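Two complexes, one shared chain (chain A), two partners (chain B, chain C).
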Partner chain A sequence: MNLVDSNQAQNNLMVSEAASERTLYPYVTGTSVIGIKYKDGILMAADMGGSYGSTLRYKSVERLKSIGKHSLLGASGEISDFQEILRNLDELILYDNMWDDGNSMGPKEVHNYLTRMMYNRRNKFNPLWNSLVLGGVKNGQKYLGTVNMIGVHFEDDHVATGFGNHLARPILRDEWHANLSFEDGVKLLEKCMRVLLYRDRSAINKLQIAKITEEGVTISQPYALKTFWNFAAFQNPTVGAEGSW
Partner chain B sequence: MNSQQIYYIFDLCKSPNLSLSLSFITMAKQHARWSPYDNNGGTCVAIAGADYCVIAADTRMSTGYSILSRDYSKICKLADKCMMASSGFQADVRALQKVLAARHLIYQHQHNKQMSCPAMGQLLSNTLYYKRFFPYYAFNVLGGLDNEGKGCVFTYDAVGSYERVGYSSQGSGSTLIMPFLDNQLKSPSPLLLPAQDAVTPLSESEAVDLVKTCFASATERDIYTGDRLEIVILNADGVRREEMELRKD
Partner chain C sequence: MFRNQYDTDVTTWSPQGRLFQVEYAMEAVKQGSAAIGLRSKSHVVLASVNKAQSELSSHQKKIFKVDDHIGVAIAGLTADGRVLSRYMRSECINYTYTYDSPLPVGRLVVQLADKAQVCTQRSWKRPYGVGLLVAGLDESGAHLYYNCPSGNYFEYQAFAIGSRSQAAKTYLERRFESFVSSSREDLLKDALFALRETLQGEKLKSSICTVSVVGVAEAFHILDNETVQSLIDAFEIVGEEVHPATEEGDASEPAADQGALAPADEGAAPMDI
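Let's look at the complex of A and B:
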C-alpha cells in the first residue's frame, strides 16, 4: 500500500515535470548586443545570427526592434522568447495608445515593464531566456538600460550582453565619451563588433546598427565588416606547437 | 511551492563550489542548471551616533568575475529618517525596495505621517520572513534616527532575523570590515544588565572618516567592492551626502 502510494507520488511528480513547459535551456540563440549613448541619442548593434547550439541555423534574424515611439530593444538569448516579449510589448503599446490621451510610453517605462516581466517569470521558475538592452530618447532625456533572464537590471552610458560584456565593454570604457558624434559612435560600435566577430565563435559578419533620437528610430540594412585574416597567427595557428593538429 | 523551489532552498545552504563539483561527477546534465539567484556583491556599512547616523555602500555591481556597472546605488531612502543599504542579488533587492515603498505609501495614507525607523525595521524583518521558503537573497542594513532623534542601526540576514545595534556591516566585504569596526568601536555587550546604549561615542566627522577608511581597506582585498563609495549622513539638520572614489580594479 505504502509502496503503491509512493510510486503514485513519484509518477505525479514526473507527470507534472513533463506536462509543464518551461525553458530549462535555450534552443535558438542570438549572441551579444551592444548599446551606447551618443550626442543625439542611443546607438545599438547586433549581428543577425541565430545559433542552434553550435550550428549557425539562421542568418537573417533581426534582433533590434523599435518599441512604440521612443524606444529601441535589442535582444540576445532565446529567439522564440524574444518574439514572445515583442508580442507582449505590442499589446502594451496598443492598450496604451487606445486611451487616445496623447500620452505615450517612454523608454524608462518600457524598461521598467521588461524588468518586472523578466523577474516575474524567474519567480515562476519559467524564465524568458534573454538578456535585453533597451534604449530610447524622450523629452530630451537619453535612456539606456539592460535586464537579464533573472531580472538583474541597470542603466549605464554603455551596456553589452554576453561576450560583449567581456570583450566590448573594456573598449567602451577606454574610448566612450558623452558627446560622441553619430559617425564616431558607429565607428566605435564597429570596432567592438569586429573584436566580437574575431573572438566570439557564434558571432557572424552580418550585422545591423540602429539609431534612436528625438526624431525616431532608424535601423540600418544588414551589412558586413571589413576583416583581415592574414595575420600569421590566423594563417597557421599551430606553428611552433609540436604534436598539435 | 514546488519541488524545484525546495531544491534551491537547500542549495542555498551548500557552497556553490560543492554543487558545481557534484555536477561534474554525475554528468547527469550537459549544461549548467539554471539558477534563479545570482550574487551581485557589494558592501554596506551603517554607524549610529548619539544624534546622527551614517549609512554607506559602494556602487559596484558584479556577476562572477565581471563588473556589470561601476555606478549602481545600493542605498535606498525608505522614509524621511530611514535609509536602507542592500547587497546580494540585485533583482531581489529591487523587488524588496519596491515592496517597502508600496507599504510605506499605504502607511502614510493611513496614519498621515512618515514611518519611524524602528517601525520600518520591523516591517523589513516581516517582509523578508514572508518569503522564508523562497528568500530574497538580500543582505541589508537599515540606518536612521529614532523617535528621540538618536541614531539607530538595524542589521539583518536574508530571512529576516534582525537586531538593533550601534554599527554594522553587511555584504561581500563585511568579513573584512566588521572585525575592524568591533576593534575601533567596542560596543557594550548586549548581555549587560541594565541594557547599555549601543550608539558609538564618535563624533559625526570621525564616523564618516572611519567609514571611508573601512571601504578603502575592504576594496584592497574584496573584488566585489570598489569603484565609488556613497555615504549618507542623517542628523537633526536633515540628509547630507558625501562620496569618495575607490579603486577600480
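Let's look at the complex of A and C:
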C-alpha cells in the first residue's frame, strides 16, 4: 500500500516537474511594437522597457534587431524567448551565408520561417511567448508582417503588437499612406508611441526607431518623447468615466 | 569472374588510384538512352530519347518534374533516377513549407551530389547508376547542372549524356556560344537537332523523344506529343531517308497523321496507364 502511494506521489511529482519546463507565463516582457511601410522601406518603433510582471524592472532592453541584410525584427512579449529566437535566426542567416552562392534570405523567407517556428512550439504546448513584427526590403520589394505566439500571421501596410493594436492602429488607419516620407513616417510613429506612453502602463519614455531600406538597417539611439501631462483629462481622469472611482 | 581484384567494393582503391566500382557506375550512365540539356539567359530545355526495352513494352519515363522551377532528365538506371527525383521533390516541398519560396537550384544540386558521394565512401552501399541533367530557374537566373554517380557535379551551358551523346555534344559545342541569347523556340530547335545527332539515321519522331522546358514565367513542363511533332515538322528535322518536308499548306496533314498514329502509339504503351 505504502509503496503504491509513494509511487503515485512520485509520479505526480514527475508530471508537475515536466510541466514546469514549459513557459506557462512570461516573466520579463516588452510591450507594443509598431511597424509601418513608408516610401523607401519600413519603419519600426518600440520602447526599451522590460516589465517584471507589472514592475517596470529594466529600462534599456533593445527590442528591434536586424536579421541578415534585408530584414528587421521587432518583438514584444517574453524577452528571454526573443533572445532564443535571435539565436535561431543568427544560425539561419549564418548557414544561408555559408552557401556563398549569391542567394540570400529575404524578409518573406524569414517571416515564414518565424511562423513555422512559433506554430511548431505552440503545438508542443511550449510556446515562444512573443508577438513579432518582421519588416524588410529586398529587390525593391517592401515587406511587413507579423506573427504571434500561436502562429497567427499576416502581412499589412502597418502592423502593431499588443496594446498597439488597440491604440496605434486606429491612428495608422486614419493617417497612413503609401507615400509617407521618412520624416512624416517618424512623426506618425512618434504620435502612436506618445498615445501608448500615456495610456499603456507598461510603456516607458525611452524608445528606439529603426528603418530598413534597400541600403540597409539603421537603428536610432534611444531617446524620449516630449510629454504634457496637464491635459484636463489627466488632471481628473475619473470625470466622465462612469463606473470608476 | 571479376575484371580485377580491386573492383569488389566501392571503397577499394586500385594501385593506379582509381575506384573501379565508381567508374562502372559512370559506365551505366553511358548505356542509357541519350538525354540533353541546354540553356539561355531565361530558359532551359531538356530533351531525351525514349527507347523501349522490347517491341512489346512501353518506354520508361526519362524526364521528371521536380517542382514548378526545377526538372530533371536522366540517363542510366531509371529506378535510381526515380529515387533521386523523389528525394529532390521532397527537398523542394520542404523548403517551400519552411520558407515559402522556391529552393535555389544550385543548393538542391549540392545536396544531391552529397547524397551520391556518400555512396562512394561506404562499403555496404553502391553508387547510383544514373546521371542527371538538372534544369532550373531561380533568382540568379536559369541553370543547367550535370550530376554523376561519383558525386561530382558541373554547371553547363549545354550538355548531353547517355548512349551516342558524343554526337550531340559535338553539335552543342559547335553552337553553344549563341545559346545565352537564344529565344525559347531556338533552344527547342537546337535541342531537337542535338537529339537527332544521337539517333544515327533513325527518323526523329515525337513518339521516340520527350522535350521539356522551364523558363521565366513558364513553369517546368513536358511538351505533349502533338507540340513536339509540330516543332519537328516546323523545323524540318527529318531523317536522311525521308523525302523533303511538305509545304506550310500541309500543316494540317501531320496533325492528321498524328491522329492516325496515336492509337498505334497507345497500343505500344499499355503501361502508361
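In the analysis below, the second predicted complex is superposed on the first by the 218 of 245 C-alpha atoms of A that agree within 3 Å, B and C clash if a C-alpha of one lies under 4 Å from a C-alpha of the other, contacts with A are read in each partner's own complex, and residues count from 1 in each chain.
Definition applied: a contact is a pair of C-beta atoms (placed from the backbone, for glycine too) under 8 Å apart; a residue touches a chain by one contact, two chains touch by 3 or more.
Everything quoted here is computed from the prediction, not taken from an experiment.
**Student:** Following superposition onto chain A, is the placement of chain B relative to chain C best described as a clash or a fit?
**Tutor:** fit
**Student:** Output check: A:Tyr25 vs chain B and chain C. Expected answer is one of first, second, both, neither. What do you get?
**Tutor:** Touch partner of A:Tyr25: chain B, not chain C.
**Student:** Check whether chain B or chain C contacts more residues of chain A in the superposed model.
**Tutor:** It is B that touches the greater number of chain A residues.
**Student:** Could you look at A:Gly240 and tell me whether it touches chain B, chain C, both or neither (first, second, both, neither)?
**Tutor:** neither
**Student:** Which partner does A:Gly151 contact after superposing on A: first (chain B), second (chain C), both, neither?
**Tutor:** first
**Student:** With both structures superposed on the shared chain, find the angle between the C-alpha centres of chain B and chain C as seen from the C-alpha centre of chain A, to the nearest 10 degrees.
**Tutor:** Taking the centre of chain A as apex, the angle works out to 60 degrees.
**Student:** Using the superposition on chain A described above, determine whether A:Tyr113 touches chain B (first), chain C (second), both, or neither.
**Tutor:** Only chain C is touched by A:Tyr113; chain B is not.
**Student:** Output check: A:Gly140 vs chain B and chain C. Expected answer is one of first, second, both, neither. What do you get?
**Tutor:** In the superposed model, A:Gly140 contacts neither chain B nor chain C.
**Student:** Once both complexes sit on top of each other, what is the least C-alpha distance from chain B to chain C, rounded to whole angstrom?
**Tutor:** So the smallest C-alpha gap separating chain B from chain C comes to 6 Å.
**Student:** Taking the touch rule as given, give the residues of chain A at its contact with chain C in the complex, in rising order.
**Tutor:** 99, 101-103, 105-106, 108-109, 111-113, 116, 139
**Student:** Write out the stretch or stretches of chain A touching chain B in their complex.
**Tutor:** 13, 16, 24-25, 115, 119, 122-123, 125, 127, 150-154, 156, 165-166
**Student:** Show which residues of chain C lie in contact with chain A when the two form their complex.
**Tutor:** 97-101, 104, 106-107, 110, 138-140
**Student:** Name, in rising order, each residue of chain B that touches chain A in their complex.
**Tutor:** Contacts found on chain B: 2-5, 31, 34-38, 40, 61, 63, 66, 68-69, 71-72, 89-91, 94-95, 134.
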